[in-house]
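Next up: some structures, all given as structure tokens.
Each of the two complexes below includes chain A, the first together with chain B, the second together with chain C.
Moving on, here comes the complex of A and B:
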């Protein structure tokens, strides 16, 4: 044990003395710090902005004067995506999703004003966040610092001296690994501090904070082990460096980029225009509300008359137009849900293909783990969209029910001809104030854990693989000395 | 010439170098292939929509032409717009995977329709595309580093340097040939797959020439940087580390910092506010006297002032007028949003002047017309087309002209403005300038 510590101590002293390595360490630690700071400031700003906008939208909705309920169906409402707990750590897909949806009757609008669409092309270089630094930049810096740790000693001949002096290969590598691990902790400390701060100060779950920190530790541990093992195996530090930069490029840069291409080919998505047209087509096939003789709506009329025990629409105790609106919304909404489920099923199939590449790159695992725990993945986004749609449907149907019960059939029929009927068809503004607010739930802890654990397991698998590689490299060192 | 040939033979005999060039060739070929597949997918989607859209309009016409009411026609008919990929889009997909390239609009308020998003998998968009631009900007410099970091020091460390320099006539010619051959190897690995892709896509010759120039300029920057670092005459390891650190700073860190700075310096909150404002302005019309709306409308559209006055009854012309008034109320926010997106892009170009990776990325996307400016140009095209739609429907609405079946075919059809990209002169100049700067710095240092 003391041998390991003394190797680590020596290595750290060497590291501090080497100006280049120390500068690199300090710069990247500062970068992590800056990333944590700006990312947290940005998210706080976004959270405040979105809360303000949602509040303003609620006020606008409630400030409507007396209106015909169908006017309110078209006035609609806005659902704004609240910021999620650990988004400052890993903004995930935040920039690539819209944040605001206009909710109205008969239509399902898209979430608009995502950041990627309104940013310069720079967004495609990756967003500065602690996640970017830890996933992408930190491993490369560790490669620079660690590639020569063992191979350099081999070149200088000091490796053989140490081994002959009785230091075991395993202890030597453990010591070097310890030193490199310490460097990794220095770089990532600001990110862990941010995680801790978010855990204490915000709505983030402590389990997510702990697992996220554990995941990043495992990820950095994997790179530390790999670097030491490659450095111990390579004959020269230059070839170790080239091999490691190659591995980094493959795992961190290449694989995450290639995976969407594969996924898109295997599970293509329709365009929104095609979906819109298909919804309209299916709707016409189900029943054409513009056609007075349409069989679907004729049957609906018969069913309604029977339910109320009357012969004619005029004898209904409620406003038939309101009932028609309820039925129409039910039809369109079922189609919206069907097509949106299809699109999400395709996206999730794509996600499974992309996640499968975890077998060639641990970066795929840490990305999945980090995004899931930060609630900035597709799953969390889908949850928001589905809750917005459910809210839209509920709101519109409440208004349609008001049209059926609070507006008389006679006034409703005459409102576009006569100003007095139009005035009578308006119902009290009190009704708008009684409508529920949009208050989306976050993904449940169980959902988040269920999606995070496979990624964590994959990450631990990579750590074990790295440890086995390093152990083997240690044994080879012993053999080479003997 | 003989020295070049000798170097070429030497390069091929060096297994690692030949392997690296083959690897870059392969990556470029895969990226070009992926780009062509993506462009074909987008073209197929655009082609698919044509007949579907026709059937949709026919179905609306089937019932709306019975009542001959132009309001029904204008309200229920959607009109397709599309933004076909340019002949260079395969090399730089750009924003085409996050913003729609097909959008349907109707003659109602445009501001509520223009910003509609596309069905896309955000998790697939997040890492970015594997296209030619990515291979050139990110991966090619790593190969330059691989081939150039030990140009000098490798021979010295192998103990051959003195013998080598003594055996060749001119050391300058010798190293020049070595640099030229290695650079040419990389250039060919990038250019040949690109040229094949360009032939398949039928890319305009001037764009092909421009892309080759961009490749040359960007490779030259990294090669000059490599030589400057190599001249510092340290170990191969130190050279490789310095160059890789420069790569990390120039292609990862500086652009990411630039993005944060630009987006916070030019906040674009107008987007979300615009949506709310337009909606409120449109619906206000139901609660104010109709004359108020119509007067506001006539101020910008005096040509309809003398049409029949509104009565108590609902009239579509009032409905379309208040949609237009709503758009105009949000006009200022829409303009600021539009300008804000372009301003962000302009600042990214300024960053490109000192960051060759950014400049190269922007230059390729400008040429391919897949950058935010092209996206805005498509939106401007939709805006113009929407104006045409309004001008088409308004005479029917305001003069109570019946709208017949045949009138559906008279509606204006969208003509995609073939946004042709432009020669990225300033960005190229930036790359060349930075190359000269780095070269001059190297010369100064070696003099000292």
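Moving on, here comes the complex of A and C:
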């Protein structure tokens, strides 16, 4: 162990005395610090803003005067997604998906469905975040620092001299790996400090914080092992640098950018225009509650009359228009849900393709893990949409039931002709003040962990692969240092 | 002094090394005992470097046997290297470190904990000027690097010394100092193998000289009497081996 520490100490001494490497290290550490600071400030602002907006939306909704319930249906409401605990670490798809939905009767807003092109945008690089620095920039800096760690010594002859002192190739590489790992820790320290802060400030689950930190450590460990192994295998530092920059380009830039396109090709998503046309077509086919000859609603009318044991709509103990609104909302919602589920099924299929690609690139694995643990992935987004839709449906149906029970059929029918009927059709504002608030649940810890496991396993696979490569390079070093 | 097996610190028996179809070492046999200096003399391409590589465990024999302090360098390269102090023709040191830091580091790699007093004594012994001890070696001459490496070898207290063209590029004074050091180490029981093409230089310190040509020992001479070697005879026999 002392030999490994001696090698590590010598490498770090070299790093410190080499101004260029030290400057690069300090600059990237500062970049991580800036990313952590700005991201945390931005997310804190976002969290406060969303809370304020939701509060204001609740107030506006409750501030409506006495009015007809159907007007309240069209007044609408807003559902705003609360900020997730680790969004400051990894904002994930939030920047592209939006976090606010206008809820109204008769329709799910098109944002709920998402744009077909959105699926490829979801995984593209976005704002400066600690995750971006650790996933993209940190490996590149480690490549520049570490490519010559062994190959450069081979060129200068000191590698042979070191081995002739009686140190094993494995111990030598372990020492160099330790030094490069220490450099990686310096770069990533601000991000880990942010994770710790988010954990202790109760903004995030400790299990997610620990797994996220472990995931990033594994990711950086993989790069450290790969860099040292390639450097030990290459005859020249220039060759090692070219090979490693190639590996970085493939793993960090190419695969994460191409994989959504592959996923989209294998599991295509209809375009927004196609979806809108199909929805409109199905809506027309569904029936028209205002048309007395519409077969569906004619049947509904007969069923209702039979259920209440009366002959005419006017004899019903409830307002038939309210019942029609309830039934119409049920129909349109089921239609919208069907399209929404189809879109999400396609996105899930794309997600499965992306999951499979974690064996091609460790960067895809860490991105999946990081977004999942930060609750900023597509799953968390979908959960928000589903809860918003459930809230919308419940709200609208509560209002429709009020129309059916609190507004008489006579007043409802005469409200456009009679001022007194119109006044009576306005029900008390206390009804909307008593409506429940939108309070979405976060993904459960078990869900998050379950979804994080495949990416975590992939990262461990990459670390083991890197360690095996480095161990083999160490054994080869014992035989040939020329 | 550690000697095992056949009593030789370095024992090479019937060594053959091939690189593909090319046979570089051809049934080479030689031994260096503790307290002996063996000069392996040969021209370019004679197989000197490959012989050293085989002793250091960087090249595996195609056939034959190599033992260093009883260990097989192919099977136990790290163990063998711990027993050897190797001084190459061009000493490689870490340019960002001083002579003192270099020696300290290499000793730590050899699992030794050098005392500062010992290190300074070694520097004095090899004649490295005191003001150079703490200077980065990037500005060192070849001779100063050589002296640093010899100081390291002294501190290693290795039982086997391999010297590859050790006086190449040294001025006559430095060469004489170097030879004195080698003699001292021999007196302390080290087995020393000098690989060189400098016939006159090696004649000053070697106890035996083997003429290596085309991968095999063509002839061998042993130092005798106060004059040790007859230089003219040495030269003639070397020339005959090369012409054969």
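Basically, the second predicted complex is superposed on the first by the 460 of 482 C-alpha atoms of A that agree within 3 Å, B and C clash if a C-alpha of one lies under 4 Å from a C-alpha of the other, contacts with A are read in each partner's own complex, and residues count from 1 in each chain.
In the analysis below, a residue touches a chain if its C-beta (ideal position, glycine included) is under 8 Å from a C-beta of that chain, and two chains touch if they have at least 3 such contacts.
Computed from a predicted model, the values in this text were never measured in an experiment.
Chain B and chain C, once both complexes are superposed via chain A, fit side by side.
Contacts of A:321 after superposition: neither chain B nor chain C is touched. Shared-chain residue A:160: touches chain C; no touch with chain B. When both complexes are overlaid on chain A, the residue A:10 reaches chain C alone and has no touch with chain B. When the two complexes are overlaid on their common chain A, residue A:442 makes contact with neither chain B nor chain C. Touch criterion not met for A:301: it reaches neither chain B nor chain C.
Contacts of A:377 after superposition on the shared chain: chain B is touched, whereas chain C is not.
If you stand at the C-alpha centre of chain A, chain B and chain C are 90 degrees apart, rounded to the nearest 10. In the overlay built on the shared chain, the residue A:347 is in contact with chain B alone; chain C does not reach it.
In the composite built from the two structures, the nearest CA pair linking chain B and chain C is 15 Å apart. Within the complex, the chain A residues that touch chain C are 2-3, 6-7, 10, 13-14, 17-18, 156-158, 160-168, 478-482. By the touch criterion stated above, chain C contacts chain A in their complex at residues 53, 56-58, 60, 77-79, 81-82, 84, 86, 88, 90-97, 105-111, 156.
Within the complex formed with chain A, the residues of chain B that make contact are 30, 34, 37-38, 41, 45, 48-49, 52-53, 55-56, 59, 63, 78, 80, 94-95, 98-100, 102-104, 112, 115-130, 134, 138-139, 142, 146, 150, 236-238, 240-242, 244-245, 248, 251-253, 255-260, 262-264, 268-269, 271-273, 275-276, 279-280, 283, 286-287, 312-314, 337, 340-341, 344-345, 347-348, 351, 358, 361-362, 365, 371-372, 375.
By the touch rule above, chain A contacts chain B in their complex via residues 20, 24, 31, 34, 38, 42, 49, 53, 56-57, 60, 65, 67, 71, 74-76, 78, 80, 92-93, 96-100, 102, 109-128, 132, 136-137, 140-141, 144, 147-148, 152, 237-238, 241-242, 245, 249, 253-254, 256-261, 263-265, 268-278, 280-281, 284, 288, 290-291, 343, 346-347, 350-351, 354, 371, 377-378, 381, 415-419.
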